[in-house]
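If you scroll down you'll find the structure; I have some questions about it.
First chain written, first letter: the chains are A, B and C, and each begins at residue 1.
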Amino acid sequence: MNEAGVLLKLRSVSKSYGATAILHNVDLDVRDGEFITILGPSGSGKTTILRLIGGFTKPSGGEILLDGRDIAAMPINQRPFNTVFQDYALFPHLTVEGNVGYGLAVRGTPRAETAKRVADALELVQLGPLGKRYPAQLSGGQRQRVALARAIICRPRLILLDEPLAALDVELRRHMQTFLKSIQTEIRTTFLFVTHDQEEAIAMADRICVMNAGRIQQIGSPHEVYYRPSCEFVAKFFGENNLISGTLGPANGLTRAIETRAGRVLCSVEGQPDMAAAPVGSRAFAVCRPEAVAIGDEAAGENRFVVSIDQVAFAGASTMATASSVDDPTLSLKARIPSRPDGSTLSPGDAVTFVVPANACRLVPA
Amino acid sequence: MSGRVADAATNPGAHVGPSRLAPWLAMLAAYAVPVFFVLAPLTLFLGYSFFSVDQGDIVFTPTIANYVRFFTDPIFLPIFWRTCLLCLAVAVLCVLFAFPVAYFLTTLRGRRRYTLLVLLLVPLLMSYVIKIYAVRSILGGNGMLNKALLATGLIDQPSMLFVFNLNAVLLTLTVLLIPFAVLPIFLSLERIPKALRHASADLGASGAQTFWRVTVPLSMPGTLSAMSFVFVLAIGDFLTPQMVGGQSGFTFGRIIYSQFGTAFNWPFGAALSVILAAVVIVAIRLGGHAERRHGGAR
Amino acid sequence: MMRLADRLAPALLMLMTLVVFVLLYGPLMVPIVSSFFTVSRGAVDWSQPTLSAYVALMANESVLNALWTTLIVGAGAVICSVALGTGIALYYTSPHAKGRAFLQFIIFLPFLMPPIITGLALLIFFRQVEFERSLVTIIIGHTVFVLALVYRTILTRLQSLSESLVEASYDLGASRWQTFRLVLLPNLSSAMVGAAVLAFALSFDETMITLLVTGTQSTLPVRLWAMMRLGFTPDINALVALVLLFTTILCLVAVRFLMPKSAIEGSDED
């Protein structure tokens, strides 16, 4: 029953406190060596998944399988996982070395070996000279590294990271994202990273598991969840997007048309058997990213919307143009176009055509 | 009076102050009682310790004879050390009882935790004299303890081990002061973030390892301040030794008290009190020092 | 899978807590229970319960006098300490305040120092300034003793109030007195009541300072102290039972006013 490459398997895991359900039948495979990110807004149940795997709470139903064995009843201290806590949870009474060596000390590792491995771990997280300091004497980023070193030193099979970057400022956060990712590549350990920050998830993860209201919405590579959302929630969750509501027309190979009030929109259903097979006439959205929208009659693409520009917002490298469809004034569409150094751009009131190729349009159920 | 103080005090900025007089009046009102009835008596008291007594009259010539007498007379120093040791023992015993209780409280949740805490603290406000009396009635020669021991056949005549001696003082003080130890320990245990215990378990520590490596060191400030608290209360008490100590249970507090009663040597009593105060200050410092040191490392 | 020690620990903790409860409350039960029986030659006669001890107590003039003294002293100490404590707390938080740390230090001295030192210092002081020992000296002694706690309680509440509350009041045109009466006082009142109850309870029980600064009057604990040194009599037990009942009620009232609401209602989150 143990599939190759799968480290940990969650099978219809649920969790509720009294009458309040936090997780509904979650199925998730964590693959060996991957960097998987659980992403969701607060209250989506993402931290609960981490706590269930770490053993800090017990599931109300379902199984958590490690090597095919249910570990629901396994105590925290026997799980081959280590956690980087949200506020680091460094022991204030121990030095950096004491903190990092804690896991080895409680296992009765000989002193010499402990000292060696602590030094190595501190070297790895670039904290070599700070071993004698106390956590209170460290900066946020340094504490973060201590927490990481403490978690990797016991060579766990899985490292759980609970929003570890949430307390850092933007600059440091970017830096730590790269750093974490490089450490993960270096030690080849599976990382399960929980965050509510979409950009962070996209920047770091091999796979993203998007959660909402206690259910998994989609699991896929950052590119997939960004450009090929499988549901309305995911389509709206990652930054600006265009959602055009309509009814499904007949499928035609790898494309399928959807009838909207702004006309027929042709979409790709490649890799989406559900949408390809959905009954004709059911409600759906055509979804396309603003950066996939080209402007002007000469642009190539199957889907054309005649629009009137409402608003033009300069955002540095790109400019976001918001427009209403001439055929359906309730439909607002966005296009992200490169900014020009000479400042020439669209103006509100301009009548233009938004062009989107079918392969940049996806369907999600309404 | 308090209205006058309030007037000046609630004024949000000095620059809007009405007149130059109001702040002075407020200061006078705030300082008058503390200075007149606390600082002045204590200063006078300190001064008294350098006076002497001649045939029932106090001689107001400065001398350090009282202190010399304390350090040279063969009676006082041993009693002083014995009292310190006794109070230290009381402090240790109280912590030994209070720690498990405080720890148990932190394992409870919400309402139950605080109800139990209040039940532990209620005896604090109950009459001290009554509590001494109640404990004595249990320890006495024909008290409950002896009756129980006789009934179970463990002893065949009333034991005098706990009657009118230092053991009785030790036991009574311990029973009386346990609640004082519970509170600081409970507060320091409660302040330990749950995440630290989780982190310890996550890193492979067993329950016992987490307890000894995380919980105990982090609760040290509370434990030490509990000890210093209990020590200070025990060493200042002269009622308990008087009531249950009998002739052999003489303590430092009783000696001081007797200087103002039967011995009638106020300056010497004042000098002994100054020494007591010094010990108390040291104890409070030791308890508070740990608090600051660990608090800073948080 | 749990280790035996990890399983056994909770049971041991509960047992220990039980032992402590027995130690704290057990001894108090003895005089209460025996107050309902007669005592003859130092031994309690368990054959039949009686209220005779209580009847005897009601006729005991000196006890009733002591009770009356205690109540007067308590009321005096409460009024003085709450007024002073509130005033000093307000002064402490005002921008004009000078020597805050020193003032606080003085206030805390009688609380930190053993009562015997406070009591003796006052005793010498009163004699030196030739102030006759009386009810007034007891009230002064009790006031300085409970002041630290009262002051601290009120200061904590005062500091929890937002500064902008006072500023808003001025902004809306209130005078300083109006601000105190209409804004600060209502917000401080429950802390003041709680502090008052606490002060009364402490004063009601204070023995060591009272023994030293009292003149001819004795408060209830001092009277009890004198009675107890003579031995085990039924009316002591009755008095003890009544005093315990009264202080328990006081405690519960104090708890109601001083405990944070969140603690009383409790939270059961994981």
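Quick note on the criterion: a contact is a pair of C-beta atoms (placed from the backbone, for glycine too) under 8 Å apart; a residue touches a chain by one contact, two chains touch by 3 or more.
Please read these numbers as outputs of a predicted model, since none were measured by experiment.
Chain centre most remote from that of subunit B: A (centre = mean of CA atoms).
Two chains share more touching C-beta pairs than any other pair, namely B-C. Chain geometry summary: the mean Cα position of subunit B and that of subunit C are 16 Å apart.
In whole angstrom, the spacing between the mean C-alpha positions of subunit A and subunit B is 57. Between subunit A and subunit C the centroid-to-centroid distance comes to 58 Å (mean Cα coordinates, whole Å). Residues of subunit B found to touch two or more other chains are 206. Residue positions 2 of subunit C are each in touch with at least two other chains. Touching two or more other chains at once are residues 75, 78 of subunit A. Within the complex, the subunit C residues that touch subunit B are 2-3, 5-6, 9-10, 12-14, 16-17, 19-21, 23-28, 30-31, 42-43, 83-84, 86-88, 90-98, 103, 106-107, 109-110, 112-118, 120-125, 128, 140, 143-144, 147, 163, 166-167, 170, 176-177, 179-180, 184, 198, 201-202, 204-205, 207-208, 212, 221, 224-225, 228-229, 232, 236, 240, 243-244, 247-248, 250-252, 254-255, 259, 263-268. Subunit B makes touch with subunit C in their complex at residues 1-3, 5-14, 17, 23, 26-27, 29-31, 33-35, 37-42, 44-45, 48, 97-98, 100-101, 103-105, 107, 109-114, 116, 118-123, 125-131, 133-135, 137-138, 142, 144, 175, 178-179, 182, 206-208, 232-233, 235-239, 243, 253, 256-257, 260, 266, 269-270, 273, 276-277, 280, 284.
For subunit B in complex with subunit A, the residues that touch the partner chain are 193, 195-196, 198-206, 209, 213-214, 217-218, 294, 296-298. Residues 54-56, 75-79, 81-83, 85-87, 89-93, 102-103, 105-107, 134-136, 150-151, 154 of subunit A are the ones touching subunit B in the complex.
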